[in-house]
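Naming follows writing order (A, B, C and D), and every chain is counted from residue 1.
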Amino acid sequence: MAKAAKTNRPTLDELKEMYVKMVVTRRMEEGLFPEHRAGNIRGPIHTCNGQEASAIGATAVLRKDDLVSTTHRGHGHMIGKGVPARGILAEIYGRETGLCRGRAGHMLMADLENGLLGTSAIVGGGPPYAVGQALAFQCQGSDRVAMSCFGDGAAQNGMVHEAMNVAGLWKLPVVFLCEHNMYGLTVPSSSQSPIADISDRAAGYDMPGVKVDGNDVVAVYQAAAEAVARARRGDGPTLLETKTYRMVGFSTTDIGGYQPEEEIAAWAKRDPIKRLREILGKDLKPKELDAMDAEAQGIVDDAYEFAKTSPETPLDDLYVPEYAEVEAAHG
Amino acid sequence: MAKAAKTNRPTLDELKEMYVKMVVTRRMEEGLFPEHRAGNIRGPIHTCNGQEASAIGATAVLRKDDLVSTTHRGHGHMIGKGVPARGILAEIYGRETGLCRGRAGHMLMADLENGLLGTSAIVGGGPPYAVGQALAFQCQGSDRVAMSCFGDGAAQNGMVHEAMNVAGLWKLPVVFLCEHNMYGLTVPSSSQSPIADISDRAAGYDMPGVKVDGNDVVAVYQAAAEAVARARRGDGPTLLETKTYRMVGFSTTDIGGYQPEEEIAAWAKRDPIKRLREILGKDLKPKELDAMDAEAQGIVDDAYEFAKTSPETPLDDLYVPEYAEVEAAHG
Amino acid sequence: MAELRYAEALNQALDEEMARDEGVILLGEDIGNYGGVFRVTKDLQEKYGKSRVRDTPISEQVIAGMAIGASMMGMKPVAEIMFADFLPLVIDALVNQASMMNYSWAGQVTIPFVLRTQGGAGAGAAAQHSKSLEAMVTHIPGIKVVMPTTPADAKGLLKSAIRDPNPVVFLEHKMLYNTKGEVPDGEHLVPIGKAKVVREGDDVTIVATSRMAILAEEAAELLAKDGISCEVIDPRTLRPLDVETIVASVEKTHRAIVVNEAWRFGGYGAEVAATIAEMAFDWLDAPVGRIGIHDLAIPFAKPLEAAAIPDAGRIAEAVRETLA
Amino acid sequence: MAELRYAEALNQALDEEMARDEGVILLGEDIGNYGGVFRVTKDLQEKYGKSRVRDTPISEQVIAGMAIGASMMGMKPVAEIMFADFLPLVIDALVNQASMMNYSWAGQVTIPFVLRTQGGAGAGAAAQHSKSLEAMVTHIPGIKVVMPTTPADAKGLLKSAIRDPNPVVFLEHKMLYNTKGEVPDGEHLVPIGKAKVVREGDDVTIVATSRMAILAEEAAELLAKDGISCEVIDPRTLRPLDVETIVASVEKTHRAIVVNEAWRFGGYGAEVAATIAEMAFDWLDAPVGRIGIHDLAIPFAKPLEAAAIPDAGRIAEAVRETLA
């Protein structure tokens, strides 16, 4: 397994942008729990609390015309990729102004405009089509890159194996981002995989396997920058594994009890937002940091307000044609 | 990847038995082509011509109560496991005396009595249930072992990945025998997998990956003996990869043309039967070797005679109950 | 008799069968320490140990494959697939392996496993976690398909399924886990292959599966107020289907409505409707009505989802139409 | 017009569409240098290069997944799944991904790929290589399903399928690849969603798919000798089904037989039969007959296999019964 080179250091502006996005993600997600309890939003809600450095650091290196595809635990990737919080929340509230007009819900969002394409809550279901996106880029001679995010649990799924194999074989411009948060639902990863590091499997697909501290946004950024550059150059895929931790339960329906207290406490000390704040603290004054927090909070408040006051999706949305229309010229 | 230790040398008697079985397999399969052309047997027929050392050497170390499961290319595993040639051929001829009364045909045979359970022509379809057999043995506290045979092409399939992962995780008594014959149907393995040795993936499942010369029956025997012993001890699975070559086309419907002449010629020099004959020649007289050839031919001739003169499966075999019966006590 | 929730009744069935037969083992995601995301396997790992109650990796294909292989060797695996939406991942194992082994291998083996899963809409879980995909398994010969509606049937059918020598796909419904009902203690076996006449009536027969059977009863209540008498039949077993009970009812009522939560086109309801139309042809006074979920990906937003799912009102309306 | 084999007609369609549209790429096992095990992609890799005609690993799940992802990004992939028996491996991709994207993502993307495969019995390929699994795909909303019978329809429908902005599952039949027929040169497009009246008649309507449509014509020939006049309809598109053409025919003949090579129980034939029974209720003089392959794993031995598959004799017998 290759070590990520210490190149591609993010600029201060980039760090600031990532910081705001991490805080936006955290605050946005924190708001979902009380809203769910109050019955204002529905369906199981999964958050990436504690994993923001991985999600934001990895997507920070993508261009707008690159793609990211994600899972049920995708809010960080969305915010990172530039998807507006308004559209995300409105979708979760099932509003007409949601990214998908409330048809998709929180587990299945997509935003073509910002290159979120898309979300799949079938564990392992995303990588096969991400590889297809990368195939399209290769056929088109484009230098766009597809990033496919999935969890440590998903790595045991056959679809992910098939996707990595063909990507390695054809040197497709895809980055596999495996966010290893130590659990697949309630089951610890040690009970799902006999090996601790999923990136150890990369050699079996002839691609670099890179493992980084997933709570260190700089490390994630650097490793992702290298992987994306490699893909963009046409040198093929990378399996990038970020070691992180899910600080809250699996979802809003989780009854908990299986994440040991000491484990949670140990990881709390490594909170990625706190860590980035410390790094930024070397260059910025506390007031400046506070202003960024306020900016993030403002974005989140605005998005909640937007979502809650948007109209519900009209019933007409159910009675749309089953098929996309065939153009007249076609037949 | 571990090297197979040079232990477990087969005895002369074992070598002789393997020799006869390899020749039986070769002669039996050679007879199928003209029979297929003549329209006496039907369906695509796949042979393991050139791969006999792998099939016979690996199965030679199994006990009668161990299981082997195989693929469309399974005649060698069957003969190796002690399945009578009569039953195999009668099945291929669709006779009532076939292993499965002609219901299964050559691609799907099973023989519970001799531990052939079973054959699946879904590429990658066998390992999942072989792992289930091994799970049963583990639950039952038995020391039986399940051997799962598949090809290099199958290794790219998601089912195989899932099977190897859970076997490595639970330390199940299974031996994965990947017979790497350089092709998956007409496509060279280099166009199917970005790595040359499938056994390199074993580490990703926390199991030994062992690569041996698949045309050297002694090497295969030794490596398989070690893998089986390990499984029997409760130490878990092994991925054993035998490097070999399919000397004839994919099946009777193959129109050929994609296996380079020089490649075929190079491998012909390494014919596993010829090689074992040379080894045996050190201990046995030519007459004794010829007698073994004759013995094998006799078994094959008898089996063809048996198959051809057996009655066709009666039509009644179609109109059997759809379900196994529920015992009265159960309802 | 005790009043139990549907999930508890299932748990009791598993518990009793595990106590009765050492060969019964459980496989699935989050079924061990956590007791299953719908709590059906609660406390069973603690009681029967980690060897018999196994959390698996997220590998549906090999979960099904292991159930097949282990059952071949004398075990009675009960595998859980967390959502029916993931059934597609195990259909190869069902149709290409489990379905053919007993017949194609000329009876050398039986494959006595149970594959439990749950489907259905109504929880705001959207397109990938709300489907009813029974049509994909009821088409497969050699496999039985069971779909209990009440807690008592859930227990009795699961116990029968575990003792059945054939592969049984056992379809639960996420909106039923918390429903309560009287459940007989101990040895309560509901035979596979027998439909239940849930309510007797004369004017129309409603054949409804799973949660739809409950809505059909509600519709029947509504209609009774207008003097319309409905017979409601819950097939309980989808394959093999108890055609006799259904046809006998239609011979009495002369009209039928089939309600199945799945997509209508090519759904399980088509089989039931076609069978009634064929077998009760001479008795039918009106076309067999057929109701399913709206024929598109299941939407997330509450009003859309609610409009997509058949409800008592729509069933009642269909009954009125058939009588018109 | 030229006389072509069915496989050649398909090859011509692919060739013409690849020449016409650079976005068309082919994915599948053994489709490159070898030209496909049924020769449908013969010479296309040589002509269009290795980037556009790709031999894939034996990884059906990702073949389908790649078709989806690439089509989202503007390509028009035509993926080959070697046998319909392997469709179960791609149903997750179809039902959980392809089916929902256009609707659930509110029209942001279309998914214009074609998934070709071939099924059917008769070649002695036994339980894992002979099935007709159309029911597993026709149930899925948002996906079109096409099943051509003649070389001309094979060409014309494949060209239409490639140009369609929706996912299309294209079902060929292994016993048809060598059948010959006149095929229009060049721009020959058969519209998706239109059934074909293969033979006109007055006494009974036979709706038959794929190879069964040919057998239905044979049966009609046999019956004509006895003065029985059959109308034979080949739906060609299984989803969306051209209900109008079928119902109009039954309104004329008052009787119908549905022939589909799949297992009868829960098969595609159930949908057609239920639809006819419902929509043509007032015109039907007899129950809709329904014929399928024997409801068990498909056996290998020739006499068993032959007895399992519907043939002209069985179709004719069903027609006689419905007229009795």
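By definition in this document, a contact is a pair of C-beta atoms (placed from the backbone, for glycine too) under 8 Å apart; a residue touches a chain by one contact, two chains touch by 3 or more.
Only a predicted model underlies this, so the values are computations on that prediction, with no experimental measurement involved.
Trainee: Using the stated contact rule, I'd like to know whether B-D or A-D comes out ahead in C-beta pair count.
Mentor: If we tally the contacting C-beta pairs, A-D comes out ahead.
Trainee: Hey, which chain ends up farthest from subunit D, C-alpha centres compared?
Mentor: A
Trainee: Rounded to a whole Å, what is the gap between the Cα centroids of subunit C and subunit D?
Mentor: Subunit C and subunit D have C-alpha centres separated by 30 Å.
Trainee: Between subunit A and subunit B, what is the separation of their C-alpha centroids in Å?
Mentor: The computed centroid separation for subunit A versus subunit B comes out at 45 Å.
Trainee: Whole-Å distance, subunit B centre to subunit D centre, using C-alpha means?
Mentor: Chain centres of subunit B and subunit D, defined by C-alpha means, are spaced 36 Å apart.
Trainee: Would you kindly tell me how far, in whole Å, the mean C-alpha position of subunit D lies from that of subunit A?
Mentor: Inter-chain centre distance comes to 40 Å.
Trainee: By residue number and range, which residues of subunit C touch two or more other chains?
Mentor: 57, 59, 61-62, 85-86, 92, 96, 100, 103-104, 126-128, 141-142, 295-297, 299-300
Trainee: Multi-chain contacts in subunit A: which residues touch at least two other chains?
Mentor: 101, 103-104, 108, 120, 122, 125, 156-159, 162, 165-166, 169, 191-193, 320, 322
Trainee: Where on subunit C does subunit A make contact in their complex?
Mentor: Interface residues on subunit C, with respect to subunit A: 29-30, 32-34, 37, 55, 57-62, 85-86, 123-129, 294-297, 299-304, 307-308.
Trainee: Quick one: in the complex, what on subunit D touches subunit C?
Mentor: Residue list for subunit D touching subunit C: 85-86, 88-89, 91-92, 94-96, 99-100, 103-104, 126-128, 131, 133, 135-136, 138-142, 239, 241, 262-263, 265-271, 273-275, 277-279, 281, 284, 286-290, 295-297, 299-300.
Trainee: Within their complex, state which residues of subunit B touch subunit C.
Mentor: Per the touch definition, subunit B meets subunit C at residues 67, 99-101, 103-104, 108, 110-112, 117-118, 120, 122, 125, 127-140, 146, 158-159, 162-163, 165-166, 169-170, 320, 322-327, 330-331.
Trainee: Within their complex, state which residues of subunit D touch subunit A.
Mentor: Checking each residue of subunit D against subunit A gives 25, 51-52, 54, 56-57, 59, 61-62, 64-75, 77, 92-93, 96-97, 100-110, 141-142, 144, 160, 163-166, 189, 191-192, 240.
Trainee: Residue numbers of subunit B touching subunit D in their complex, please.
Mentor: Subunit B reaches subunit D through residues 42-44, 91, 94-95, 101-108, 120-125, 153-154, 156-158, 184-187, 191-193, 253, 258, 312-313, 315, 317-318, 320, 322.
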